[in-house]
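Per-chain residue numbering starts at 1, and chain names A, B, C, D and E are given in the order in which the chains are listed.
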Amino acid sequence: MEFVSPEGLRLDGRRPLEMRQLRAEIGAVSKADGSAVFEMGNTKVIAAVYGPREVENRAQQMNDQALVRCEYTMANFSTGDRVRKPKGDRRSTEISMVIRQTMEACIMTHLMPRSQIDIFVQVLQADGGTRSACINAATLALADAGIPMRDLVTSCSAGYLNTTPLLDLNYVEDSAGGPDVTVGYLPKLDKVTLLQMDSKLPLDTFESVMQLAIEGCKAVANYLREVLLENTKQLEYRRGS
Amino acid sequence: MSSRAGTTPSTYSPSTQKKKPQKPTFNDSNGVRSDGRGFYQCRPAYLKTGAVSAAGGSAYAEFGNTKVIVSVFGPRESKKAMMYSNVGRLNCSVSYTPFATQVRGQGSEHKEYSSVLHKALEGAILLESFPKTTVDVFALVMESGGSDLPVIISCASLALADAGIMMYDLVAAVSLSCVGPSLVIDPVLEEERWQDGSLMLTYMPCRSEVTQLAVNGEWTTPKIHEGMELCLDACKKLAGIMRSCLKEEADSPSIQ
Amino acid sequence: MEVDREDGRTATMLRPLACSRSVLNRAHGSASWSQGDTKVLAAVYGPKVGTKKTENPEKASIEVIWKPKTGQIGKLEREYEMILTRTLQSICILTINPNTTTSVIIQVVNDDGALLPCAINAACAALVDAGISLKHLAVAICCCLAETGCVILDPTKQEEQKMKASVYLVFPNSVLSVLQVSVTKIDEPMEHGIITSVTHGAMSVEDYFYCLKSGRAATAKLSNFLRSRLQNRLPSDLLGDT
Amino acid sequence: MGSSNASGDISADMEIDAFRRLFPVQFYERHFVKSLRPDARTLNSARDTSVALGAVSSANGSALVKIGCTTMLAAIKMEIMTPSTESPDEGNLAIEFHMPPICSPLVRPGRPADAAPVISKQLADTILSAGMINLKELCLVSGKAAWMAYLDICCLDADGALFDAALLSAVAAFSSLRIPVVSLNDEGRVFISEEMEEGKSKREPVNKEQRKLTLSNIPFSLTCVLHKNYILADPNAEEESIIETSVTVVLNSSGQLVSLYKPGGPVLAYTAAIQDCVALTKQRVQELQIILNEAISDMEVD
Amino acid sequence: MVGLSVGETNFIRGGIAQDLRCDGRKRLSYRPIHIDTGVIPQANGSARVRIGGTDVIASVKAELGRPNSAQPGKGKVSIHIDCSATAAPIFQGKGGEALSTELAADLQRCLLGGKSGAGAGIDLSSLSIVEGKVCWDLYLDGLVVSSDGNMLDALGAAIKAALSNTGLPKVNVIAADATSSGDQPEVDVSDEEFLQFDTSAVPVIVTLTKVGKHYIVDATEEEESQMSSAMSISINRKGLICGLTKRGGAGVDPSIVLDMISVAKNVSENFINVLDSEIAAAEAREEE
């Protein structure tokens, strides 16, 4: 199948190095300590953060750091064909773990010992790159909750189809079976915290694809920063009035 | 000695071949139902406490073909490690035997009934009389013959009384079906299948309190009034029967 | 009374036995036991802190987890777990470590008949390997009753399916003790008592006792084998202490 | 647990109930010495047993069995299946034993009791190996349609000797079984033919005479618990929890041993004990047979 | 769980008694309602309803299926609700299941009428395509994204909005006269023509929460924690009661039940109008 036309356009009309439209909104869940909606094209996720609060299960309490937990769920209507998605299937457990580890790495857990932070991400629409979108949404929600972080961790995926590196794969490109590199990145520290790849890729190509994903992360980070600044201004404005 | 178990082939239950299922017709002129009852007449109720020796309290109820056993355990330690609570917990579970229904089922828990049972009883029990602990109410429908849920609820409240759990009052439950223009009380399975609407009411007669009310189908306000009146009346009568059942049990010399 | 067996054994002959201990590193005790092509691996973990469900303030508890060769655990495996648990409970001295749980994990490597007896033998060897205090050893055997009325021992899977009935028996191993044990008020020797008996298929009562007799006769051999295998590793000063 | 001496000393000034709870074994032993049990039975006698047939009207065959307080409700539902290719003229039997949470304080909803699958398996083994039912009788049309009999046994009250009660209820349910008269339609599906429907039932029923199963070699069982040299027949739940060695003997009506089941236990069973258990079971088989026959004749009178 | 101090409790209760609630509302007035339709592009119809801090999404998915043999002339509708853990941490894992099934059962009762289908908000016979052979299966999925009380009413409104947003593709039966029984008739699902769903009969759900002696509509989570019992009544445009459920354990006098029903009836008229105009506005916005 042709994923990049001779004119250099992808199936959804993007250029290979172009990202989908980003949209973010802070504070979608009124009862949560922090929440955010994050959209990447048609992929739409919502994240809510509760905590830091008392540890529910005493056995899991840690005396030197906070306990970070994460749950990833997909809505029944999030994909094209309606299938009942049982909670806690393998895929969502795996993604929950990936998100938890990524977020744990950037939260300054040592500042909040004996406490628990819950991150819940709910996929409303899935069109490729859900795990990246979830990480981005979770970052925003954590920032909204005022949880101290080392940096704004952002994530983006990149693939390699028709001998072209592609940024930010959508569902059709993702399910083509080609290599798919997801990167979680700390922009200020210039560090990669998450790196996942399906399928195989020659080493030198891999580096360029990964670099592309990192560039995507940087772009996301810039956008998130803008959104957060805007949100802070709004808060300031409301406080001032 | 070869084991015949293993893969069970797919089976189906042979049904009667009918042209088309017939809606039961009610002869309005004489007001008699398929089982000979009048519209506003309940099935004869047989109630008995102490059906299960292993339980703290139990009761058996038989309304026509509907046969239910309810066991009450506790107050006992909460199985779920939960936070301290200064009121007790009520835990209800309703299940069916695999042969209770016409088509063989799985015999699993009926979640919806469990939650309605909980809601119907919760208001009648003095939960603060057993802090930190749980009272378990388990119901088993041995045979489903219509109006299962109200029978379960009435039977459960009797079992709670048998177990000596403190209650404000006995909870009696009655349902009625709206079939065409007529209201029939305590419907059997066949009537339930064709009902246009239903109303179930659980009631504490001495306190004159409705603990649970569920209506389904399209009703006008006067009809709801009428339906509730009928149910309230039937609940009062049923509660009388329940009360006399408990009295009999208390009067008769205990065997155990 | 002679039967032809496909592998050329006589009716009362057992298949070649093999037993090796401490086959697993992480387990507190382990053993693999094979009878012909039937092979079972047993691992023992414990005594360890019991879970709330199994905890008993007066007794140590034993749980058995049966892992079939393939597939999910079914009713048959649950029954085996129960029989094994209760058999092992009867040979362990449970009062020594109250409030603890000892887990025995049985992994079926290959099933070629007489699976449960083989698993019991393996579990017993693994318990010894883990240093769990036992009252005595247990040896298990499978006797099959053919249509003709003769009894064959230690059947293969094929033979097991052909037979009219079969009996799994577990006997205690005779106690070698420096202390005089005074429990034997009964005129029968202790190793004649049955720990566990499970039968399949209908047979006459006489046939059952006949199986019992044949089984008993053969267990002496099994006991000796088990004991010799266990003694290999035991320092001599611990001998006779069980 | 305290030594028997210690308990002996303080037992004099202790309430009976407290003694029973604290030193159950000693409590029971004191009874045994007098050849009695706390519930006033002798050591070898079973509890009162009753059988009621046809307890569930939505099933094709059913029975309610009580042994003392232990109550079992068994029901059979007949469904149609296509027989397997290996045995085209045989029906099949699926036996399931349930312990719903009402039956015992030890069972909680959502978590099936440990004993349930084991008893389920034992029942299936026993009923099939006893040769009680000829599976060929369950065949309707060779290779096309046969009966699948779903036997579900629910424990309503668990007070010991569950297997005995379950087996008796299973046997009783089979003896009350009435197979519906069925016919075949064009598509090869089986349906219940209604005889009363204006007499012109278009299709000949396939099983006009085959309405009952012939039961031969009916199995009956007795569970005994062994404590030292005592043999207690038909233990209740309390006895089962205190005395851990149990022996279940199943004999069929022609005197064959169907199962001798002793899963472990601290007491070793010597030949003499086994013989005693078998002898007790033989007596019990006769008792149960009479009870069952009475129940069957009661039902036929109705 | 809402943890409230004694003072807060008294404040809420006192406010309700004086007909002035914490957020300035009267007992029988709603929080602002905001509806968006067509929020899930891949569904046949969808809507997002926000009532104050409560935020729910409903989607309608239609699939071709086979009708039930007992009711050959009717389509099938199933309702499934999920409470997302984002709404409250207790919904994580299987924690939301109990509430989800309860909400789904209540909605089913309120929207689908009696067993015979009489009084149903969704006319099941309009979903039939070829009697006994082909029909529409409607899957109504609700998701609670954020909860601040009054979830049932919000879900009911979301489903109503999603249904009016739903366009079912027109289905042409090509070989309907396939006499050989058992064969499924061939159908052609048009991807141009859509049939609008008739939602005039879909009732609204009004939940009256009883706090002290008074009842309030559209309770927030804090107010719900103070309830002794609540009555959810589903009422259609004709003023007929289509379903009723009671929550909360405490008993109420039968006369109060009847009074609550009549109050709910009055409230519902207004609520239906508000919803309809909001839905129309949302549809208009979507058109743009």
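The rule is simple: a residue touches a chain if its C-beta (ideal position, glycine included) is under 8 Å from a C-beta of that chain, and two chains touch if they have at least 3 such contacts.
Values in this document were obtained by computation on a predicted structure and should not be read as measured data.
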| item | value |
| --- | --- |
| Steps needed, at minimum, to go from subunit B to subunit D via contacts | 1 |
| Chain occupying the most central position, where position means C-alpha average | B |
| Separation of subunit A from subunit C, taking each centre as the mean of its C-alpha atoms, in whole Å | 55 |
| Approximate Å spacing (C-alpha centroids) for the pair subunit B, subunit C | 50 |
| For subunit A paired with subunit E, centre-to-centre distance based on mean C-alpha positions, whole Å | 32 |
| Length of the line joining the C-alpha centres of subunit C and subunit E, rounded to whole Å | 62 |
| Per-residue multi-chain contacts in subunit A, two or more chains | none |
| For subunit E, residues contacting two or more additional chains | none |
| Contacts with 2+ other chains: residues of subunit C | 75-76, 165, 200-201 |
| Subunit A residues touching subunit E - in the complex, by the definition given at the top | 28-32, 35, 42, 46-48, 50, 71, 73, 75-77, 79-80, 82, 84, 87-88, 118, 120-122, 124-125 |
| Complex contact set, residues of subunit D against subunit C | 1, 114-115, 117-118, 120-122, 124-125, 129-131, 217, 229, 244-245, 247, 251-252, 255-266, 268-272, 274, 278 |
| Parts of subunit B lying in touch with subunit E, wherever the complex brings them together | 21, 111-112, 115, 119, 121-124, 178, 192-198, 203-204, 207-221, 224-225, 228, 232 |
| Subunit B residues touching subunit D - in the complex, by the definition given at the top | 1, 3-5, 8-17, 51-56, 58, 65, 67, 69-71, 73, 76, 79, 93, 95, 97-102, 104, 107, 109, 136, 138-140, 142-145 |
| Touching residues (chain side subunit E, partner subunit B) in the complex | 70, 98, 101-102, 105, 109, 113-116, 118-119, 229, 231, 236, 240-254, 257-258, 261-262, 265 |
